[in-house]
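Presented below are the structures under discussion, each in the form of structure tokens.
First chain A sits with chain B, and in the next complex the same chain sits with chain C.
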Partner chain A sequence: MTIAGQEVSVNAEGYLTDLNQWTKEISLEIAQQEEVTMTEKGWEVIAWIQEQYRNEIPLTIRKVGKSGVTDIKEFYALFPNGPLKKASKIAGIPKPVSCI
Partner chain B sequence: MSEAKAAPVKKILLILSKATIENVYACFILANGARMEGIESEIFFTFFGLEAINKKKLQDLHVATVGNPAMHIPTILGGLPGMEALATKMMKKEMDKLDIPPVDEFLEMLTASGCKMWACKLAMDMFHLKEKDLYDDIDGVLTVGGFYERAAGDGSQLMFI
Partner chain C sequence: MKRALILGAGTAGTMMANVLAKKLPKKEWEICVVDQHKTHYYQPGFLFLPFDIYQPEDVIKPIDDFLPKRVNRIVESIDRVDPKTNQVLLENGDLIAYDVLVIATGCNIAPEEVEGMMSDKWYKEVFDFYTYDGACALRKKLQTWKGGKLVVHITEMPIKCPVAPLEFAFLADAFFTEKGMRDKVEITFVTPLSGAFTKPVASNKLSYLLKEKNINIVADFAIEKVDNETRKIHDYGGKEVEYDLLVTVPTNMGDPMVERSGLGDDLNYVPTDKCTLQSKAAENIFVIGDATNLPASKAGSVAHFEADVLVENILHFIEGKPIIYEFDGHSNCFIETGHGKALLIDFNYTHEPVEGTFPMGGVGPLKLLKETRMNHMGKLAFRWVYWNMLLKGLPIPFVPATMSLAGKDFTPIENEL
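This part shows the complex of A and B:
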């Protein structure tokens, strides 16, 4: 699949399958599709999420709230209508499986 | 999938009537899970469910060890002193491993997520509770009729716990 002029591999739901292929341009296009407006804070959250993924720490809303980067209320405002899923998609990591 | 797209769930309204920890958590996880999916959620706390937002009680909720066949222990043992506390402690330990927060923190998470929380007026009168006795960030006190009004619109689902 081509996103932002680059050939990337994605799964059936449009999540990147290889974080190494991620670029800011790609995530901007995904954000647009997901109707998310990226802000400076939003990028900080994305960087934090990618770091968790690289350290193999499963993502939960609670962990985002304790990240020191943002709080839960702001996280919902930054990525409206499904923050964990949308932020993961924009960050280029797999869809989270957590219910928390 | 096409069916799901045709009539998506837009709002989940949960009625929590019990205060055993498994019921409270089921309710909170469903409400929080809805918000995580971009679905609106609201909780109506009634009868014993009010304990989950009662400042004096909410940190001391227990799992039921008597009359609960899923505990797989004889009822007579479940009734022994300390049994509920022990089972509750074990359950809380397992929940912590899964990053499930304690009740007070969970209430804060729900507020931050935009979940609306209402206390049942009749149950409050019955248990002689005032608003000051309840978790500070609830959205208000409602009658049954008032809660049903909030379920108006396509895509709303009511669940009783």
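This part shows the complex of A and C:
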């Protein structure tokens, strides 16, 4: 699939399958599709989420709230209507899942 | 004499006591188990208590019936672990030194983490079914409940047995149908995840279940508070869901002992190597079951598969050999769908649940990711397997610790979501 002029691997729901392929340009295009306007704070949150993923720490609302980067209310304001899955998609990581 | 100390005598701790008792020489090693409780609960049975499928006595047995004779059993609360001195402090002030420590203190519900969840309406209009007390209270409630809005709710992940809330919704549909009052009950499933099913193949194959059973779904709902006056749950994004009866899975957290020991993450789970099961804090501390922070399901089957790997790694550690055995995240669960049927799933860190045959590839007799009566019989038979084989650390025939790829259909599903 091509996003922002770059060839990237995605799954059936459009989530990047390789974080190494992520660029800011790609995430801007994904953000637009998800109707999210990226702000400076939004980028800070995305960077924090990517760092958690690299350290194999699962993403939860609680962890976002305790991140020191943002609080839960602001997280919802930054990524409205399903912030965990939207922020994950923009950050280029898999969405949080259950076992089925 | 050296000492292997196991903290917790639940599913994981009991299994480890049994497998270590077989492997560690009696003359050189004492095996000590500390747990303040005397009762072992068959936790998968909690799901069946509210619907009168199991009776309370079906899920209770004495802990000591399942521990080997050679075990030094201590009934006392644990205050903390001191990894620097290799000692555990008990609440009565006793200190127990260890050469190898196995943390198997599990996890429990923490309803106080959400504003309003614990109130005078707890066990009157707001219930959990992840504890024996909660399941029994809900059982009493459902006997006389006249109907209304039933909300089945997950607070946040990770939780013990991630499929249990969905099973609860399915069994509630069957229960009220059989009582002849399904038309008086509106069932809504509320989850912080993107849907009731989150893995591609399971979503594709199972989404029909919610429609078929007339269960509403509210996804992406991160609860902020329970309003007991208006009987609504509110999320941080402004959504609200009304209930008459709220069956919630509160935040799950590791034992407070882990926090007191300075060994936990923000949910009191112990950071653990996901393959070797060695703690990240000390090389002679190992962790098993729900107490870990592993990205695997918190389930008894996972603890069972972990035990096979962990015992070998502990033996290698004792002998000064490299710790090489790797847990693959193998998990295996039956999922009740009501009316005498169930699904079965088998998966690991890298392979999602798919269709196929189990436990023998191509033969079965159980079918993966399909609703069958045979799977339901398997779930009911599992209680016998649990008490008689699993806790004793006996291998379950045809089910190895690492997941088998045989008989599974990994054809990718594309663009069908």
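The rule is simple: the second predicted complex is superposed on the first by the 97 of 100 C-alpha atoms of A that agree within 3 Å, B and C clash if a C-alpha of one lies under 4 Å from a C-alpha of the other, contacts with A are read in each partner's own complex, and residues count from 1 in each chain.
Assume a contact is a pair of C-beta atoms (placed from the backbone, for glycine too) under 8 Å apart; a residue touches a chain by one contact, two chains touch by 3 or more.
Because the structure is predicted, anything quoted here is derived from the model rather than measured.
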item: Clash or fit, chain B versus chain C on superposed chain A; value: clash
item: Chain B versus chain C as contact partner of A:72, first or second or both or neither; value: both
item: Touching partner for A:97 - first (chain B), second (chain C), both, neither; value: second
item: Which of chain B and chain C A:39 touches, first, second, both or neither; value: neither
item: Touched partner set for A:81, first chain B, second chain C, both or neither; value: both
item: Touching partner for A:56 - first (chain B), second (chain C), both, neither; value: second
item: Per-residue touch tally on chain A - higher for chain B or for chain C; value: C
item: Contacts of A:12 with chain B and chain C, given as first, second, both or neither; value: second
item: Superposition clash, chain C versus chain B, among 150-158, 330-338 or 384-392; value: 150-158
item: Residues of chain A contacting chain B in one complex and chain C in the other; value: 60-63, 72-73, 76, 80-85, 98-100
item: Residues of chain A that touch chain C when the two form their complex; value: 11-13, 56, 58, 60-63, 66, 72-73, 75-76, 80-85, 95-100
item: Residue ranges of chain B in contact with chain A within the complex; value: 29, 32-33, 35-38, 98-101, 105, 108-109, 112-114
item: Partner chain B, residues of chain A touching it in the complex; value: 60-63, 65, 71-73, 76, 80-85, 98-100
item: Residues of chain C touching chain A in the complex; value: 156-158, 162-163, 166, 192-194, 197-200, 202, 206, 219-220, 222, 224, 236-238, 251, 266-267, 274, 295, 297, 331, 333, 335, 345, 347, 353, 413-417
